[in-house]
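Same chain, two partners: subunit A is paired with subunit B first, then with subunit C.
What follows is the complex of A and B.
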């Protein structure tokens, strides 16, 4: 059983990478075979995660691990593993990989192979990040996600796509550089023999006096990736002009990975209260949430509104992860998953109607209640989750975070305000595009949505609602997710 | 028989599951159903809910009177902080029965009034969802299903409110309700959280949530806007969705409210101000449906006074009467407008139904009369008690006056939908309001029969209630006489009084708008500041822009330095400087 679980663990990042390689080798004119290959590999990854879920018993610490030497002289090894946090995020990424591949398609058929290769590569990179317990591997996989996103965003055909892709890559490269410096500094502090293994580093660094500079280098990396307040401006600008598939993985993979890194690396290597600055990070998170909520109220472009709403959720998640206490961290994790699933679903929804209408502006879209009631109705799951309505996963995360903020009235007020603002803005936009008259002649796409788009959106909505009522289903352990 | 009733009690989740599944089926397949199929699918689940609730009521009231809860509670631990607890007690049955009656009446009305409009099956589905949400809310024994029901009720009605309106109007009508109810939901969540560290604060937040839901001053602004909704949505907002749900919520916290030193006083003051503001505004020259909205605001304040007087049963009885009567009045008034081109005989029938209902509000033996007697019997001798007494009499007298004005103005008032609806000439449009009138009387008689005169506050309560009823009759009569021109006022006195009342009403309306517009304005201002000033301006242009421009500048400078001529001149300049320095230092 242990060997089987280790094989599945190794297969998680390898399978989509292999799929990308095979798809890249196929001629680009074979549109259907390439797409089928992509679907098969992405569904295969999800199947591997489900099989792993069935095998793992749950508990604290590493649930499954595989370790081997690589560059022994420099302390670099191949150490893959999943704790409960990583397991949940791996599942979400595997699921969203299917969503992105099955639910979206490139703007032109010629880009089909690039689309599949980039999505699978990005998925491989993200799964590798989640499963890495060696810092070199972690950074390597972190970098691996950049290239596919650059091509996914830049070759989407949207005006401004290249600029958005460039901005995203520059932001990510800066965060990677910071992380490189921080990692090397930490390894140097840990002393000889050099090791980049996360478990060993955590053991060695335990009681050591860690310099603040090193801490902030690492922290800034993850804050940039999470688009925390002050470092958030890249997200809305990037979200507007990129293809739907990139939006799906941005909301569902890139942002939550920042939160994962925060928990997996930062909270593991530094003392539990983050060198006495957990309150600072809590307030950074709350400020992010409030900024996202308030800014979303004044948006008139659907994608920009969604990006700010995602920002609000991610900010709340950061606040929860920083607060301390098992409930708050669980709430933060639930919030990250909710943000990923809801964001992916809503970006998919907006992408489809934006393509069909030829516009993403709220004023240009109306009457969906009459023309496409099922498709529009399914999107309500995501809207309800962002608004933290009871019965959804967003409510589970929000309630746990709010519960942990009890006693800190200003924090509680800010958190509630951000939920009200972001939820209110999204509800307003949703209501606006649902109601009114439907003018068929202004819609550029004749038959929409495709059945698979409806199916994927339905899956996401069901996931949000089921996880909202049965959150225990998505985690192998009911206890803490602390490292 | 007892076994059957016991089973009905035990299977109480069907109270919300049946209408919910029916709503899904209606939404998915309703477009393919015939009119008869729509009727069956729209009415049978509601009839089931009523029957099951009635059976459970019989079981809990007569067969098992000592049990305050049904035989089975469903407790399902899904997560440490959450518990899905469902149960059925007398209060829950009361709520389910009233909601079932109101939604059944509204659905019957909708089946005829909107039968020619496209997408009507989704409208019927929303009515079913209102029932499902309300049933879940009333049968909840833990936070999660209570919140789901509270939220579901608001959402369903929000989508009904602007269903066939244009984008702008539907957006305003539905969105105001939705945003206010979102605020009330978050206040409720905050209240639950606050209970753990500060029970007084928690109670205050829960009461605030109920006040927003009931449309009490200063959160009354949305209520008047909702008067623009279709008749069915309007009826459900005013009947089921607002005051009834708020009263039920506060009944669940009855013990904490009654023992709190300040909450009853705050509720009393807010209710009195709400009554005054609602009556003053309702007397002004508005469209009839807005007058109805203002009247409802005032009556909501009257209903909630029971909590201020320490008698929750009075509030429940008044809420029962208000819900049934106002639902019926709203349906009947909608019919009157929609039938502007109908036969005179048909209008006569609808108008009589309207008047029967309007008078049933406070005349014996209606349940509203019973509740009023009980409330008046609970009024204390304190200053607040005396003010409340005055407010109750005013609510009755001026309320009747307003109802009279509404009936007179309805015939001249077109609605956006009136031209499109043209309902068929059928008695079924008048049956639901008439049925609600009959139910109002039946419940009043039943209350007295079951509990005797104590339920009406003894003979003292009967006398007081009789006085209020007489005031209502006088007010209605006066309104009729003024409307007909049989009573003339001197122009100058009327103008001055009218001016004062206009100013007071405008202030009240303005305050209600202020509560809505000011926070929205501040939020939008902050949003623009964060987006444009902080995000685009400070971070992107100043901070990042400076870094990017500096990098660009360095790159340009380096490119410049690669120019051969620049290098030669630069070298020459450096050599010259060196020579000068050497000469000077020698």
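What follows is the complex of A and C.
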């Protein structure tokens, strides 16, 4: 059983990578086979995760791991593993891989192969990040993931796609090169012989005096990836101009990975109080949430509104993850997953209607309830989760975080305010595009949405509701969610 | 440990020199023999690379020419990648016969002979001789170009190269006057045993001159202008040799001078400026200025030259940092990282010159960066190889450029130069963004008409070989890093 689970673990990042390679080798004129290959591999990855879920017993620490040497002289190894946090994130990424591949398509058929290759490569990279227990491997996957995102965003986006891709890459590169230095500094402090193994490094650094500069070098990386307050301006700009598939992975992969890095690297390598910085992080998270909530109130573009709503959720997640208590941290993780699933679903929804209508502006869209009631209704799951309505995953996360903030009234007020603002703004926009008169004459696509788009949106809504009602389903562990 | 036959060093240099003279004369005198002579040149370089490789990596050192040259693991490592680089230069010359005048293959062999000599030099005079022996055939190649630009660049590089030689020569002369020797080991003993260097102004001036001369040769800011001009003005195969191999070999020789000869005076008394601080600042300026200049260059060869200057800055900072290391193992690791970095630099230049070869036809011998636009649409394989080289240059993970950069950054961190490491990392980020921009232009922009894209089997070989090397060393870097460290061990 252990060998089987190790094989499945290795297969998680390898399968989509292999799929991308095969799709890249196929001639681009074979549109259907390339697409089918993409679907098959992404569904296969999800299947692997489900099989792994069935095999693994709950518990703390590493649930499954596989280790081998890579560059022995430098203390670098191929150490893959999943703990509870990684396992949940891996499941979400595998699921959103299917959502992006099945639920979206490129703007022109010529871009089909690029679309499939980029999505599968991005999925492989993100799964690699989640499963890495060696810091060099982590950095390598972290950086390599940039390439597919760059091409995914730059090719086939709306106006300014290349500019958005460049903006994303610049932000990401700056953050990841800082992480290089932080990692090497930590390894230096840990002493000879060098090791980049996360477990071993954590053990060696346990009693060491760690410099604050080193902490911030690494923390900035994750804060930038989470679009934390002050470093958030790239997110709304990028979200508006990139294709829907990139939006889905931005909301469900890129932002949550920042939070994952915070838990996986910072909380493991640094002392529990993060060198006295955990309160600062809580307030950075709350400021991010408030910024996202307030900014979403004044948005007129649907994708921009969604990006700010995601920001509000991710900010709350960061606040929860840095609060310290087990409940708050679990709430933070649930909020990350909720932000990923709801964001992906709503971006998919907006992408479909934006393509059919030719506009993403809220004022240009109305009467959706009369023309497409089922499709419009399905999006409510995501809206409800952002508004933290009971029965959704957003509620589970928000409740745990708010409960942990009860002793801190200003923090509680900010968190509540951000939820109300983001949820309210989204509900208002949702009511606005559902209500009003039916504008059949202005829709540019005659038959929309496609069946698979409706199916995928339904799947996301069901996932949000089921995970909200039975959160234990997505984790093999009843406790020990954190390092 | 394999014992090296002392004659092998002479054999390597002699073969290349004699071959170079023969090939030059035959190509210039008998036009019909050009192809055959070119084959001979290729064969000679391959043979010398093989000979160097036979002794690599576990060879014990042996002295030549009265101790002025030393054939050790360090020298053989440098020779091996320099000769492989020269092999690709010859292939590029075969691809582009129009811009490769008769006799050029021979001059290239002569330059390669100079580089082989430089790699073995353990004496300041020998290093100067090696540098000039490698540079002079390149001046000839620049002057052979029909365009006035080539002659201008030849003149400029001759003048500034001459200035560098004068500085280095004067420094060596002054040191010889004070220490009675110019060998690096002799200088080391003299500086180690004598009074504090600050009490002897002659030695301070001599060291300053030596470092200034070396900085001139390794294209350090503000003495770098000749290098970018020369790379642009030379025919492309010679540009590849200059930017890929010559620069790498000069940096390796600089490492030998600094970490063997000048190591005892790496740290002066408190409150005094030592050479490591000076080199640190120069390296940082070179890195930042080189990369910043690369960002705004519209011409491909000039852009690559600026990037190479930036890489040179990074090596200079590392060498300055390495001088502060005390443990032999740390020094070996740092210098091993530098050696692998230089080898990878040469490999990535081979891939980048595939780009130059591809677009040189349309733009004549002054290729513009934007001529790469849309290359992936008509030549996806070549575009992929060029893209890999660009990413390797920027140190992207899973390419050969990633791990050597880790060693370089780690060396800076080991001596506590954290802010320098951050600046270097940010500068690498800048290069990565720029390289990604070029890759994006190849993939996303509409391209030139297919007829203007020029390929040949030689270019395809270069593209495949460089891509293969970059991927192999990126995925399995352990053996190369180990060889680099063992080769670096010969220095200490």
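In this text, the second predicted complex is superposed on the first by the 482 of 483 C-alpha atoms of A that agree within 3 Å, B and C clash if a C-alpha of one lies under 4 Å from a C-alpha of the other, contacts with A are read in each partner's own complex, and residues count from 1 in each chain.
The rule we apply is simple: a contact is a pair of C-beta atoms (placed from the backbone, for glycine too) under 8 Å apart; a residue touches a chain by one contact, two chains touch by 3 or more.
Since the model is a prediction, treat every value here as computed from it, not as a measurement.
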Looking at the superposed three-chain arrangement on subunit A, would you call subunit B and subunit C a clash or a fit?
fit
Give one of first, second, both or neither to describe whether A:420 is in contact with subunit B, with subunit C, with both, or with none.
first
In the overlay, answer first, second, both or neither for which of subunit B and subunit C A:353 touches.
neither
Considering only touches as defined above, state whether A:230 meets subunit B (first), subunit C (second), both or neither.
first
Given the superposition on chain A, which partner contacts more residues in subunit A: subunit B or subunit C?
B
With the two structures laid over each other on chain A, which partner does A:412 touch: subunit B (first), subunit C (second), both, or neither?
first
A:96 contacts which: subunit B (first), subunit C (second), both, neither?
neither
Superposed arrangement (fit on chain A Cα atoms) - minimum subunit B/subunit C Cα distance in Å
5
In the complex, the residues of subunit A that touch subunit C are 70-74, 136, 139-141, 143-144, 146-147, 150-151, 154-155, 162, 165-166, 169-170, 173-174, 176-178, 180-181, 184-185, 187-188, 213, 217
List of subunit C residues in touch with subunit A within their complex
396-398, 402-403, 406, 409-410, 413-414, 418, 421-422, 425-426, 428-429, 432-433, 436-437, 440, 443-444, 477-478, 481-482, 485
In their complex, what parts of subunit B are in touch with subunit A?
27-28, 78-82, 84, 118-119, 122, 144, 147-148, 150-151, 155, 158-159, 162-163, 165-167, 170-171, 174-175, 178-179, 182-183, 185-186, 189-190, 193-194, 196-197, 523-524, 526-528, 530-531, 534-536, 539-540, 544
In the complex, the residues of subunit A that touch subunit B are 230, 232-233, 236, 291, 294-299, 308, 327, 366, 369-370, 373-374, 377, 387, 389-391, 395-396, 399-400, 402-403, 406-407, 412, 416, 419-421, 423-424, 427-428, 431-432, 434-437, 469-472
